[in-house]
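Going by the order they are written in, the chains are A, B, C and D; count residues from 1 in each one.
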Amino acid sequence: MKKKVALLLALVMIFSVFAAGCGDSSEEGGDYAGTVKIGVFEPASGDNGAGGKQETLGIQYANSVTPEVEIGGELYKVELEIVDNESDNAKGVTAASNLISSGVSVVLGSYGSAVSIAAGEVFKEAGVPAIGVTCTNPQVTAGNDVYFRICFLDPFQGTVLANYAWENGATKAYCLSKLGDDYSVGLVNYFVQAFKALGGEVVEEQFPNQNADFTSYVANAKAKGCDVFFAPVSTEAAALIIDQAAAQNLGMPMLAGDTWDSNVITGAAQGKDVEVVVTTFYQEGGNPEFDNGIKAWMEADSKMLENNGGNTDLAAVTAMGYDAYYVALEAIKAAGSTDVADVLAVLPDVTYEGVCGQVVFGENGDAVRDTAYVKKCNTETGAWEFVAAQSIK
Amino acid sequence: MTERINGSSNKRNMVLSFIALAALLVLVYVLDIVIKPTSSWNNLMTCLEKGTIYALVAVSMNLLNGFTGLFSLGQAGFMLIGAYAYAVFAIAPEDRTTVYQYYEGGGLIHFSLPHMLQDMMGGADAFGGAIGYYLGIILLMIFAGLLTAGIAFLIGIPVLRLKSDYLAIATLGFAEIIRSFFQWEGLGPVTNGSNVLRKFASYDSSIFPVLVAGVCIAFIVMLINSSYGRAFKSIRDDEIAAEAMGVNLFKHKELSFVISSFFAGVGGALLAMFQNNINASPFTSNMTYEILLIVVIGGIGSVTGSIIGSYLFIACSEWWLRGLDKGEFLGIEADFMTPGFRKVVFAVVIMGIVLFYSRGIMGTKEFSWDGLFNFFRTLPARIAGIPGKIKAKFSAKKHKKNTKKVKEAQ
Amino acid sequence: MELVVKWLPYILAGISVGGQFALIAIGYTMVYGILRLINFAHGDMFMIAGLIMVYMATALPLWMSVILVLIITVVLGCTIERVAYRPLRQAPRMSIMISAIGVSYFLQNMALYVTGGLTRTYPTIEWLQKNITIMGASTKMVTLITPVLTIVLVIALVLLIKRTKIGMAMRAVSRDFETSALMGIDINKVITVTFIIGSFLAAVGSILYFSNYTGIMPTSGSMPGLKAFVAAVFGGIGSIPGAVVGAFVIGICENIIKGLGLTTFSDAFTFVLLIVILMVKPTGLFGEKNIDKV
Amino acid sequence: MNKENVLRVSDITMQFGGVVAVNNLSLEVNKGEIIGLIGPNGAGKTTAFNVITGVYAPTNGMVELNGSVIAENHPQGKMKAQYKGENAGKYTGKTVLTPDKITKKGIARTFQNIRLFKGMTVLENVLVAMHMNMKAGVFGSALRFNAAEEAKMREEAMDLLRMFGLEGNKDDLATSLPYGKQRHLEIARALATKPQLLLLDEPAAGMNPQESDELMHLVGKIREQFDLSVLMIEHHMQVIMGICDRIYVLDYGALIAEGNPEEIQNNPRVIEAYLGVDD
């Protein structure tokens, strides 16, 4: 009995090795000279699953619009190689090397800075260029020659948010971040720096992983007499916070960064007595052609609609994903090759005019961005309302 | 399991083992050079490295659970200590301001043992420098192990007086406490709080983790086969009888716990190097459960089993079954294969093993050359015997049916 | 007075979450009392109960979903016992515990697959989620309902155990498994009933808990599960009133700790409490001492 | 009584909650003696063994080995009010050695319901009992710096196995042995701890007359060869009467008789305890 099972296991092993080996020689379409692979390194599960899926949607849409690229005068098919990094630093590393070994020319992602930082070393070692879509932590690109990014950075975003809070009369801010989460800890840190510089006071607290009970945090914010609630945490926790804040009558505006620009948040806030303000990369309606196109595309595919959370409200990360795909295509075109080294060599000089504004890589491979959009949730309609475009000099 | 004191075959087996090990190391070395990160075979290297590291941790857990009978669920916590103890002292001073970006002056600690020894022994380009670098890494790993062992010693004093399931839950609790402690902002200047530690010294050849884990596992095996190992096993089999035979329960449990934690700490340090970054959040009880399941798959009480189980587990979860998430597996394409399906299949397989095959792959047996030769020697006979066996089974079934019929008739 | 106003929100939250933990903890404590098994999958079953509600409510009216959730969770609980625990009853303690961990792993991964890794929002039960104000502290109705419902259910359960024949059988089995079997008690029936009660209470707990904290993730069950288990140990495993007291203590202490600003350690506290109680009084508050037979 | 005293048990009472399992038991074992401890089922014989070997701390009383105290206790805490035994004020100290320490001091035992290490081989079972006397530390042992010592241990263990006719089974799993051999292995294992006093808990249980006869001779041989004393619980009267120098009789936890086999056989209280009284 035992031997038979062992034999079976061995057979399975051999088969799967074959499967893995053969998987690479995917059939080449008749019209194309070859295939070029773009890696999508995004979470589809874990804390950042929802955001990761929305970001992937933008990339997938872009791929459906432009599924081919011209390299050296020949037409190549663009294939997406999507891998789930599970929002987990440890799993992310192996997911990244899995992606690299499938022969991608460039990688896009990830939503969530921590995983990007973790996988950065893997990409660096392999010399595979990566383009961060919405990972805003400075550490992603700092000291890493292969990591580029098309979004703004936390020091910028934190300052914008602090300025906004200060200008709207807040003097004492309650800042909540999640233990072990680079993104929220980082953004809170920059917010606190900027807010203190303006003369404000802050109360900082952290909640542990898997925490669902935020009532005490809300109570703390009220008890300490804060007048703005800054909680740039993942949408999963955010939905719970908004719900409990409403139940306890928080009575101060809630402020967050780009992660909260999601229909998860508007869904949670709809019909409740809360005030939610976010900064983000893209304002829905900024490019009607893109908006309508992607909405129609999502409506046509129930799976995609499901990945977007069941409706067609656009998240900024989706638009950013869309832009990132085209930046990658530009790079491949400019390189005239699918080789990672060639793509990496031309990537710093690539420019692209996307739906979220112009992408020009500057210092460290970070895009030069000086504008963030401030949006407020209309709790009656459950939609975002444009407040202002903020920039700092 | 049994050590036979048999001069000639013993010597032959030793020679065979050395040859096999040397061949393995050469193979790893060659593979490491041949396989580029962008090659589709790089998955093999990833699984080899991670599998080796998990093998070490699984064997160390098996020392506790399988050989000493202590159902401890604190392994992830101990790995965390080891990983941090290593990483904190291996970040080059010039990188500290970037890594400890939120702390003034790049945190509290301002040296890196590997980089220091590298400079002392001739710098980055010299051969001596490389030796110094690796010497620093090894010393730091020993430090990581010792620190982990020390903390385990302290935890063990209260915890090891508890009985089976209480012990499990208490160690689980300690692992969680360790995790929140390492994430605490107050320790931030040392541990970087919630943020990732990275840019620390790491190995650059896959041969390093294989060597280190190999030496560690060899030590554990020798320990298990020593008088102390027998004392551990006696505690596992019958605490009261063991005590009546003069085995000091607490001392030996503590010993096993501390040694197991030492290697979990070393494993944590290796894992940190493998990942090139470390933070506390993935070291949850789920990680401990995964290691426990590896031990179960391999066979509780078998070192060989833990090693095989670890490679199988890692290869399945990181490589072979990934197709299940992408909608294409072994040429089968299906709509229900969406992200997460891989894990469901995996969980079903594991439940199957736990329920129907609870002895795991190896049971409590170990690999031995004699066993291997025996297997091949008797293989033809057994294959020849299969038809007969099937026949026998078939006729037995028939017989059962017939008797049933007869009974019914009566 | 000022003190009361300041601490009331925390205590309310603590009582509410404590009541929900209590309902889960009873499942742990009863199963442990009879099978000497830490049912690691219990917390995940609680999460699954929440997910079932999410999917039911999309198609069915709310009252029908609630009833179905209770029934399906009970069936699931019994199935798990039947499939994963019963075959291993003669096996070593460790095997059955590993099986429990395996079931937990399976349930979590199943949930991950079904939900696609996304947080699901719990359907709104208007009555439970409506806002109320107590002495200036605003909270949800469920906060008040939970402790009341918990106490009522516990009293009913204690009566069931003290007064009915099956209750007597349960007490006998938890005292001495083998002798009870020899005395003609149907052990399987007793265990099934235990799982029915445990799963039922977990399902009720999940409705209350997720009405309060409305997001469900595949891992949503593990932390409440662990804490409820600690509560059961704290109160003395096998003791139902003990589990309830333990759950309230943990719920309230945790929120007070958060209120003191020591938020980083609110989870760690639970485990510190566990270890302290295990060191000082391993049998818990209301547990009974067992003597090993040699 | 000028003989050298090995074990002295004084006024031992063992009470579990309100149940008195052993009541005010005193007994002595002198050097070289084989002593029997008999009594009906539930008389508290095994409990007395468990007190002597340190598994239970006595509620009251004292146990001495070669004149040094290995257990001493008096009713404390809650037990103070519940205590039903005698000599309540006699002892004041508290010494509770753990079983392994007592074994190290020279008392070895076997178990009524055989407790061999089931995952280990016959040889390993015996080797475990030698572990406590090993000089090498954990590293020395793991890295085989003590090869000579280990070889000597194996040698000695094999000698013991040979004595019990188990040398052919040395690599078998202990639990795969037939019942009688398992009993022998238990004794061999106990001897491997190099005891001065050997406690045998029903060594002849489940044996036929011929086997128990052999056992009886074996026990005698052990006494000679290992220069030790034996205290044994046994139900086979021909074994007890045939081999013991003196016998203690327990009933309901209390000592009811003491003497040589002949005296015991004719003691009316013993007969009454075993056969009951006709009303």
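The rule is simple: contacts are C-beta pairs under 8 Å (C-beta built on N, C-alpha and C of every residue); 3 or more make two chains touch, one makes a residue touch a chain.
Worth saying up front: this structure is predicted, and the values here are computed from it rather than measured.
The minimum number of touch steps linking subunit A to subunit C comes to 1.
Most remote chain with respect to subunit C, judged by CA-atom centres, is D. Here the two chains linked by the largest count of contacting C-beta pairs are A-B.
Centre to centre, using the average C-alpha position, subunit A and subunit B are separated by 33 Å.
Distance from the subunit C centre to the subunit D centre is 47 Å, each centre being the mean of its Cα atoms. Centroid to centroid, with C-alpha atoms defining each point, subunit A and subunit D lie 72 Å apart. Computed centre separation for the pair subunit B/subunit D is 43 angstrom, with centres defined by C-alpha atoms.
The set of subunit A residues touching two or more other chains comprises 44-45, 84, 179, 206, 208. Residues of subunit D in contact with at least two other chains: 55, 111.
Along subunit C, residues 112, 116-117, 222, 264, 267, 294 each make contact with two or more other chains. The touching residues of subunit B, when paired with subunit C in their complex, are 65, 71, 158-159, 162, 164-166, 168-170, 172-174, 176-177, 180-181, 183-185, 240, 285-286, 289, 292-293, 296, 300, 338-341, 343-344, 346-348, 350-351, 354-355, 358. Listed in rising order, the residues of subunit C touching subunit B in the complex are 32, 36-38, 83-84, 87-88, 91, 93-95, 97-99, 101-106, 109-110, 112-114, 116-117, 222, 226, 229-230, 233, 264-265, 267-268, 270-272, 274-275, 278-279, 282, 292, 294.
The touching residues of subunit B, when paired with subunit A in their complex, are 36-43, 46, 50, 95, 98-99, 101-102, 180, 183, 185, 193-196, 198-199, 271, 274-282, 284, 287, 312, 315, 318-323, 325-326, 328-331, 339-340, 357, 359, 361, 363, 382.
Residue ranges of subunit A in contact with subunit C, taken from their complex: 43-46, 49-50, 53, 84, 179, 205-208, 210-220, 222-223, 235-236, 239-240, 243-244, 246-249, 264, 267-268, 306-307, 309. Within the complex formed with subunit B, the residues of subunit A that make contact are 2-3, 5-6, 9, 12-13, 15-17, 19-21, 23-24, 44-45, 82-84, 88-91, 93-94, 97-98, 100-103, 114, 117-118, 121-122, 125-128, 138-139, 142-143, 177-182, 185-186, 189, 206, 208-209, 340.
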